[in-house]
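The following pair of complexes shares a single chain, chain A, combined with chain B in the former and chain C in the latter.
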Partner chain A sequence: MIDYLREIISGTWSLFVGLGITIRYFFQPVVTVQYPYQTLPMTPRFRGHIELVKDEETGETKCIVCGMCQKACPSNCITVNGEKREGVKGKVLTEYTLDFTKCSLCGLCVESCTPKAITFSKDYNLAGVKKEAYIFDLKKRLEAKN
Partner chain B sequence: MYVDPEIIRLLAFLVGVIAFAALNAAYLVWLERKEAAHIQRRIGPKEVGPFGLFQPLVDGIKLMTKQLIVPAGVDPVLFKIAPILVMVPAIMSFVTIPFGETLVARNLDIGLLAIFAFASVNVLGLLLGAWGSRNKYAVISAARVVSQNVAYEIPMLVTVVTLVMITGTMNLHTIVLQQQGGFWHWNIFNLSASPLMPVAFLIFFVCMLAETNRAPFDMAEAESELVAGAFTEYSGMGFGVFFMGEYANIVIGASMATILFLGGWDCPLGLFPGVLWFLIKMYFLIFTVIWIRWTFPRTTFYGLLNLSWKILIPISFFNLILTSAMLKVF
Partner chain C sequence: MSAFAESEANETFVLNLGPQHPATHGVLRVKLTMDGEYIVEAEPVLGYIHRMHEKMGENRTWAQFLPNTGRMDYLHALAFNHGYVSVVERAAGIEVPERAEYLRVITSELNRVSSHLLWFGAFILDLGGFSPLLYAFDDREHILDLLESVTGSRLTYCYFRFGGVYNDIDDNFVAGARAFIKRLRDRMPMYHNLVTKNIILMKRLQEVGPISAEMCRKYGATGPVCRGSGINFDVRKHEPYSIYPEMDFEVPVYEQGDSMARYMVRMDEIEQSLRIVEQALDKLPEGPVMAEKVPKIIKPPKGDYYHAVETARGSFGVRVVSDGSNTPYRLKLRSPTFSNLSLYGEACRGMLLPDALALMGSLDLVIPEIDR
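What follows is the complex of A and B.
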């Protein structure tokens, strides 16, 4: 009999404890992010498509057109071209094309790049209706940023 | 042409009550979604209008534009009559509920009895709808609803009988008038009549949850097991009417708890009595009903019946005997 009553009382009490927890949650601030209106900064290790890095001193690309990324790419989606110019030391980048339709975001190009001229972008809002929209001219993108 | 003012008064109340029930059904859905969201630390509806306040209207329009599908093989009469059988008694119950000192459609001497009589028709509606829709989920749900309602009607009515013994009347208006003048006069704190009155309120509230098929006793509409229970075959406004009936029943349950235990339109400190206080108490109870839904998971069916037969019924009978003994002695 005592056990029966004790169980009822402790059971009822546990229900009130539960209600207490939810009402505390009720008054705490909202934790969800209203996505199209608010966005969170991407985490530093997020892998978007690759991007050329700007040299802070010259404002130009850091790329030395060594072609290591092109060689490292297992899906052959990077095309790098450069030319020798009068009065400039080393090669000058003329073309850097990324075929993002084939890219698997493995990151071997970023690892192989000695002057650290490419990095992952934080661009995740990619949407398009044409395949051609995903063949990126990274040199133009860098210039557009300047 | 002479028209009896009584008829005009009753018509006004009829329109008012139907509007009140429909508006409540719509905005309790909004409240439910908002409260659920904030308990889970989300925002809930926010796009349609300020704070998502027009969401229920849009939902209503959506429901009305849907086709009313009558599946092949259903009982054509029962299938169509069931939503009405759920909705009509709910509307009828509003007739005798006193919202304020003078705000009552028809002040019946047996108001309490009338409400419980109408409330039990609700189960019949669900049973007929489920049986008529020729769906095994619906029939399982109906069987559950009936046994659940049989189990919970008993402690609820025993508690109400206890209360009627104390008040000596079934007139809801008189019951409220007896509790006037501050919260220490309310029946929930009427410890001189029975020291178990707060427990009686708790029993009444739990039974009210079970009678209206609310979580954690929503065995009738256990989405994860029974699709939508008794409503599985209903579409569009057929489902909508069931839904409105459910919410109207919640409003009636909360109103009854307010009238019987919380002093109706009486202000806690004896100031400014009025319909406002009735609404505050009623909506607080409804808030609690929703709060409970988003706190506790659904019980098992045996747990539900055990709670009624092994705990609520013995305690309510003990309270009945204790109250009658105390009434006799003091």
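What follows is the complex of A and C.
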């Protein structure tokens, strides 16, 4: 009987202790951010979808069309095509397509790239209604930047 | 349990729990044969998100399977990463630099804490308490930010590589991790006051869902489930890998075998993981984070290799069979929750439905890992 009463008292007290904690936290500053009005700074290492890097000297892409990224990709979402042009050493990039519907953002392509021609973008607001919106033509994106 | 199964057999009915039910945390279906409020039989039905990860491994090169590991157990992705890279390193005979091993342990222990914090929030949510989830997510957010700053992603990390890790950490990470350890240690008493000592939680967990040590052995349960039943088994201690032998930590074991014991094991494990991270940060050596002589195309010699790691839910083992080519011949994944769930049918026989849900929550199920 005494144990029973003791349990009721200690149990009720435990509820008040919990309520005390929530009340204390109620008066502490808010920890959440009012997205999209406020955003947090992004980490420089954020792995977004890939993007072609501009060569600072030539203003063109650094890609040498070796196809290593295409081979490294686990989901076959990269298509690279190039052609031989007269007067230019090596191949010239004609197509670089990323099928973002299949990409799992693993970053194996960026690691496999010897000339460091691809990097991660910082895009994360990716929402759309059509599948075609996620077939990225990265060459066009690079040219649009110039 | 005295009122159990007093009615005739033809008075039972079948209740489907799931495949879309908030308490099953994913697409798990449990076929319950009920006698009123009591469970006569429970049969977990799996396969709703089976993605053939094992078969996928056979069709990809060794490195291409890496991102898959994080998709199995998305809450403790780094441990699954660790298991896979370790087995391939063992097969191909790749030496890992010491600093990389330290980074692996630091990040995967932080990941374990974040997994336990999410479990803590979701478990209390199953039992009907909402606010602890918000406190847990507040702390978990700090870990996700830390891991994002070093790995680049927040959930499905693919950070470990054969022969090391993908990125080195910087001083900000070390300072952030130390600040987080202090923060969480300061907040642990708050969690215990808010939740553990709460009379409602105690009444719902104590002596509910008992799992005996024999049952754990019979079904191969590992992790906090078996440690809550008095079996002292932790892969980090008993089949040590990486730098765990150099770390000083304890394996929390509770004898009771009820849901409360499993709850306490996980809460104690958070503190032990913080201890490991702290020690690893103190001892962190300088040096490279990637082995120098890692071949670009990995072709392990013919043979059969196995490596187990301790994830937040138990022992995760990877067995690979190599035929000397650039893809695995066979890739077998032994996931902990699959075994932990197997005992559910036997353990919840004769229980009330709400108690069975408390038991299910205490098993810490991650469905993508059960189905693979």
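Here, the second predicted complex is superposed on the first by the 106 of 146 C-alpha atoms of A that agree within 3 Å, B and C clash if a C-alpha of one lies under 4 Å from a C-alpha of the other, contacts with A are read in each partner's own complex, and residues count from 1 in each chain.
Please note the rule applied: a residue touches a chain if its C-beta (ideal position, glycine included) is under 8 Å from a C-beta of that chain, and two chains touch if they have at least 3 such contacts.
The shown structure was predicted, so the numbers you read here are calculated from the model rather than taken from an experiment.
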Review point. Which partner does A:Gln28 reach: the first (chain B), the second (chain C), both, or neither?
Key: first
Review point. Where does A:Asn125 make contact in the superposed view: on chain B (first), on chain C (second), on both, or on neither?
Key: neither
Exercise for review: Would you sort A:Leu108 into first (chain B), second (chain C), both or neither based on which partner it touches?
Suggested key: second
Check your understanding: Is A:Leu15 in contact with chain B, with chain C, with both, or with neither (first, second, both, neither)?
Key -> both
Point to revise | chain C versus chain B, contacts on chain A by residue | key: C
Check your understanding: If you lay the two complexes on top of each other, which residues of chain A touch chain B in one and chain C in the other?
Key -> 12, 15, 18, 21-22, 25, 31
Check your understanding: Of all residues in chain A, which touch chain B in the complex?
Key -> 8, 12, 15, 18-19, 21-23, 25-26, 28-32, 34
Check your understanding: Inside the complex, what are the residues of chain C that reach chain A?
Key -> 60, 63-68, 71, 131, 135, 138, 141, 145, 148-153, 156, 158, 161, 166-167, 190, 193-195, 197-200
Point to revise | Residues of chain A that touch chain C when the two form their complex | key: 7, 10-12, 14-15, 17-18, 21-22, 25, 31, 43, 45-47, 72-74, 104-108, 111, 120
**Study point:** Residues on chain B engaged by chain A in the complex (per definition of touch)
**Key:** 35, 38-43, 46, 202, 291-292, 294-296, 311, 315
